[in-house]
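What follows are several structures.
Look for subunit A in each of the two complexes below; its partner is subunit B in the first and subunit C in the second.
Presenting the complex of A and B:
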């Protein structure tokens, strides 16, 4: 019988399986951060339970951290308490923590792969929905709630109902692979399958257009699987995957042996059956800009804001959602995308703050200056990304152009630290969610790729980045 | 967890689709390190204006629904962030049941961990329920919602139903499988991060 990649990973992690019941699945990697873990540790203490496998568990601090000078005391007392709580919990339970001043600190989904903690064929969880990022390495990686964080700490397992499988076949070749990025591919996919198109499914991406992508670009695709409703996205590992993970800080000692095994096993069998299937031709994809308040409300940069009726296509609920979104975003139908001005530009987040993202954005910015009406910032995904970027002189390019160059963290992707939009401000953002108030109460988010964000910072409004290249 | 009992309550109609957990509980309230006290922040940006005053036209500010335990909403409820704080806020506010044509996966799973029952009903049944303004009776055991002389049934996974009805603790149940977990670890050794 043929099996998909997901089914192979699932089957090799089943601890308990009974008919018509969820299965007990073993978890190989558990990553923890400060926001969704305090109540889980409280639960362990209240029930006198311990962490079962501290050797499969690591923690970092990313959501709340200030991205300004970290030698200064934190202004936000509640954030400071949450960070201190994680430090204490890690100390009490013996969990390795990449703390606020650690050279390996960074956004949890960025540091997992960078440190070689993420491994193909493994099961990976974290109390954060963008854990799906790590599916780019052929791992079943998914976000969990705090109760499941506690459950994983105590048992190293989770009860799960087996998700269905959803094949996303990406064919063709991008005409301008610098300007049309993997962010544009995933936004186009979400635009077409909808924010709940993948609910109950694991998305497996494959095809020439996926093989063509670098590991960092693949991570952007898997990262946003959750915005299509899928808890996990998955890409079969290949030479690029194995090369990426080689010689990282925590790459296993018997790595070559593992690679031989992965090469032979970690792929969907020919003719394996998926529950759902969708094909996208990347030749036709243009740079994308979101105009609404969910990641399916997206337009080509050469396009216009649709009318609610055009967007909803006879679906009353969608038409109503689009009306509300346009009201919130203060946008009128038929406005060309390139006429929308921006007040802020944010290049950062687990979606687009890795080295290649910053390199590409810097190429656009080099020698130019941010529009005088725009406040722009770059927040590297991790301290390692920051250091590598500085070695290449990218910080200088950004700073010379009047971008702020910050310390690593989640920052303005969700605005839990002081990096937030003011009410009414409009932001070109490389993050993943354009929900109401996501980047600050009353703030307006437009999701774009790093090169599109960089170009709009210079121009002061959205522009077709292809005209910049 | 307290066992889930029969619920008699009026319905709060909340006609919004794709409600994300950022709306249910905005990020500025995720910094608490306890599970309680989130109710007052539920739908904060929709319930209050920038000066912190209640918006009168928002349904959860209508005193008619003060004691309601049942929220009926539209498709894809709870999408986005995995924050369990969303369920803690709904529960703390008084909602024990959320009815919708569909839920986002992580939110759906988080509900059961906190004694909140998410019910998936098709839109026609929901429309029928919404016409009824008096108290309805919801019985998980018989999987039945009774309103006036009428009733409708709902589906729920039997495993989850038992856990809710008996208020079972997931970790306790899993620890009963400890031998199987040990067996799994022995037979297929996991790759330690710090070997």
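Presenting the complex of A and C:
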């Protein structure tokens, strides 16, 4: 019987499986951060439970951290309390923590792969929806809530309903692979399958257009799989995957042996059956810009803001939601995307703040200056990314162009730290969600790739980045 | 279970409007609840009554994994969210912590239920009775798995 990659990973992690019951699934890696873990530790204490596998559990602090000078005391007391709570919980329960001043600190989904904690064929959970990022390594990686965080801490297992499988075949070749990025591929996919197109499914991406992508680009695709409602994103590992994970801080000692095993097993069998499938031809994809308040409300950069009727196509609820989105975003139908001005530019987040993202953005920025009406910042995805970028002199390129160069963290992706939009401000953001108020109450988010964000910072409005290269 | 409806005629009501990110630092549930639905309806905490139900369109609770979302609604008194579909993490969080019932209905039922209607939800019969309109609707039955977690009173009580 043929099996998909997801089914192989699932089957190799089943502890208990009975008909009409959830399956008990073993969890190989549990990443935790300060926001979704405090109540889980409270629960352990209240029930006198311990952490079952502290050796498989790793913590970092990313959502609340200030991205400015960290030698200064934190101003926000509630943030400071949440950080101190995680520090105490890790100390009390003996969990490895990459704390606020640790050189390995960073956004949890960025540091997992960078440290070699993420491994092909494994099950990985974190109390964070964008855990799906790590599916790029051929792992079943998915976000969980705090009750499930507590359950994982206590048992290293989870009761799960088996997701269905959804094949996304990406064919063709991008015409301009510098300007048309993996962010544009995933935004195009979400635009077409919708914000709930993947509900109940694991999206498995394959095809030449996926093999062609670097590991960091693949992570962007899997990261935003959750925005299509899916359980996880998954890409079979290949040579690029094995090379990326080689010689990392926590790469297992018997790595070569593992790679031999993965090479032979971690792929969907030929002719394996998926519950759903979708094909996208990347030849036709242009740089994308979101115009609305969910990640399916997206347009080609050469396009215009659609009318609610064009967007909704006879679906009254969709038409109504487009009307509300345009009102919130203060945009009028038929406005060319390139005529929309931006006030702020945010290059950061678990979606697009890895080294390649910063290198590409810097290439656009090099020798130019941010438009005088625009406030622009770069927030590296981890302190390791920051250090590597500085070694390449990228910090200087950004700073010379009037970008702020910050310490790593989630930052303006979700506005839990002081990095927020003011009401009414419009932001070109490399993050993953354009929900109302996501980047600050009343803030207006347009999702774009790092090169598109960089180009719009220079121009002061959205531009077709292909004109910059 | 009887309660009154607070209806939002919207799809994709995301976790950032249910409880904006800036409040995820709050540890106290009662304080968290004062910010429930703030991104969409700042009046919500003052108008919601214990036992009320939220009715909304598809993909309710999309976005973040924050369990704060069902916690904030539940602490305000919301006993069920009735929607045409749910995002998976919100759905599981709702039942894992026994915060509220996520109930799926079809589009027609969603259209028929109006704001302020009084409903009686009967999960044994998979039925929603609209007391105000004297109508009865079918709800999508919970899967056996979810029904068992609900009956147990949450993930930790399940198979204890």
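As a working rule, the second predicted complex is superposed on the first by the 469 of 469 C-alpha atoms of A that agree within 3 Å, B and C clash if a C-alpha of one lies under 4 Å from a C-alpha of the other, contacts with A are read in each partner's own complex, and residues count from 1 in each chain.
Please note the rule applied: a residue touches a chain if its C-beta (ideal position, glycine included) is under 8 Å from a C-beta of that chain, and two chains touch if they have at least 3 such contacts.
This one's a predicted model, so the numbers in the text were calculated from it and none came from an experiment.
Participant: Consider subunit A as the common anchor and indicate whether subunit B and subunit C clash or fit when overlaid.
Facilitator: Partners clash after overlay.
Participant: Just to be sure I read the superposition right, which of the two partners does A:206 touch: subunit B = first, subunit C = second, or both, or neither?
Facilitator: Neither partner.
Participant: Kindly classify A:144 by the partners it touches after superposition: subunit B alone (first), subunit C alone (second), both, or neither?
Facilitator: Both partners, subunit B and subunit C.
Participant: A:53 contacts which: subunit B (first), subunit C (second), both, neither?
Facilitator: In the superposed model, A:53 contacts subunit B only, not subunit C.
Participant: Let me test your reading of the model: by the given contact rule, A:79 touches which partner, first (subunit B), second (subunit C), both or neither?
Facilitator: After superposing on A, A:79 lies in contact with both subunit B and subunit C.
Participant: Can A:128 be said to touch subunit B (first), subunit C (second), both, or neither?
Facilitator: both
Participant: A:15 contacts which: subunit B (first), subunit C (second), both, neither?
Facilitator: After superposition on chain A, A:15 lies in contact with subunit B alone.
Participant: Could you look at A:29 and tell me whether it touches subunit B, subunit C, both or neither (first, second, both, neither)?
Facilitator: In the superposition, A:29 touches subunit B alone.
Participant: According to the contact criterion defined above, which of subunit B and subunit C contacts more residues of subunit A?
Facilitator: B
Participant: In the superposed view, which residues of subunit A touch subunit B and also subunit C?
Facilitator: Correct list for subunit A: 20-22, 35-36, 38-39, 43, 47, 63-64, 76, 78-79, 81-82, 85, 127-129, 143-148, 150-151, 159, 161, 195-196, 199-200, 227, 229, 231, 294, 317-318, 320-321, 414-416, 433, 435-438, 441.
Participant: Can you check the complex and tell me which residues of subunit A touch subunit C?
Facilitator: Answer in residue numbers: 20-22, 35-36, 38-39, 43, 47, 63-64, 76, 78-79, 81-82, 85, 127-129, 131, 143-148, 150-151, 159, 161, 195-196, 199-200, 227, 229, 231, 294, 317-318, 320-321, 324, 414-416, 420, 433, 435-438, 441.
Participant: Which bits of subunit C are touching subunit A when the two form their complex?
Facilitator: 9-12, 14, 16-17, 20-22, 24-27, 39-40, 57-59, 62-67, 85, 87-89, 92-93, 96-97, 143-146, 148-149, 154-156, 158-159
Participant: How about subunit A: which of its residues touch subunit B in the complex?
Facilitator: 12, 15-16, 20-22, 24, 26, 28-29, 35-36, 38-39, 42-43, 47, 49, 53, 55-58, 63-64, 76, 78-79, 81-82, 85, 96, 117, 119, 122, 127-129, 143-148, 150-151, 154-157, 159, 161, 163, 195-196, 199-200, 226-227, 229-231, 250, 252-253, 258, 294, 317-318, 320-321, 414-416, 423, 433, 435-438, 441-442
Participant: For subunit B, which residues are in contact with subunit A within the complex?
Facilitator: It is residues 17-18, 20, 22-23, 26-28, 30-35, 45, 50, 74-76, 79-85, 87, 102, 104-106, 109-110, 113-114, 157-159, 170-171, 174-175, 177, 180-181, 184-185, 188, 190-195 of subunit B that touch subunit A.
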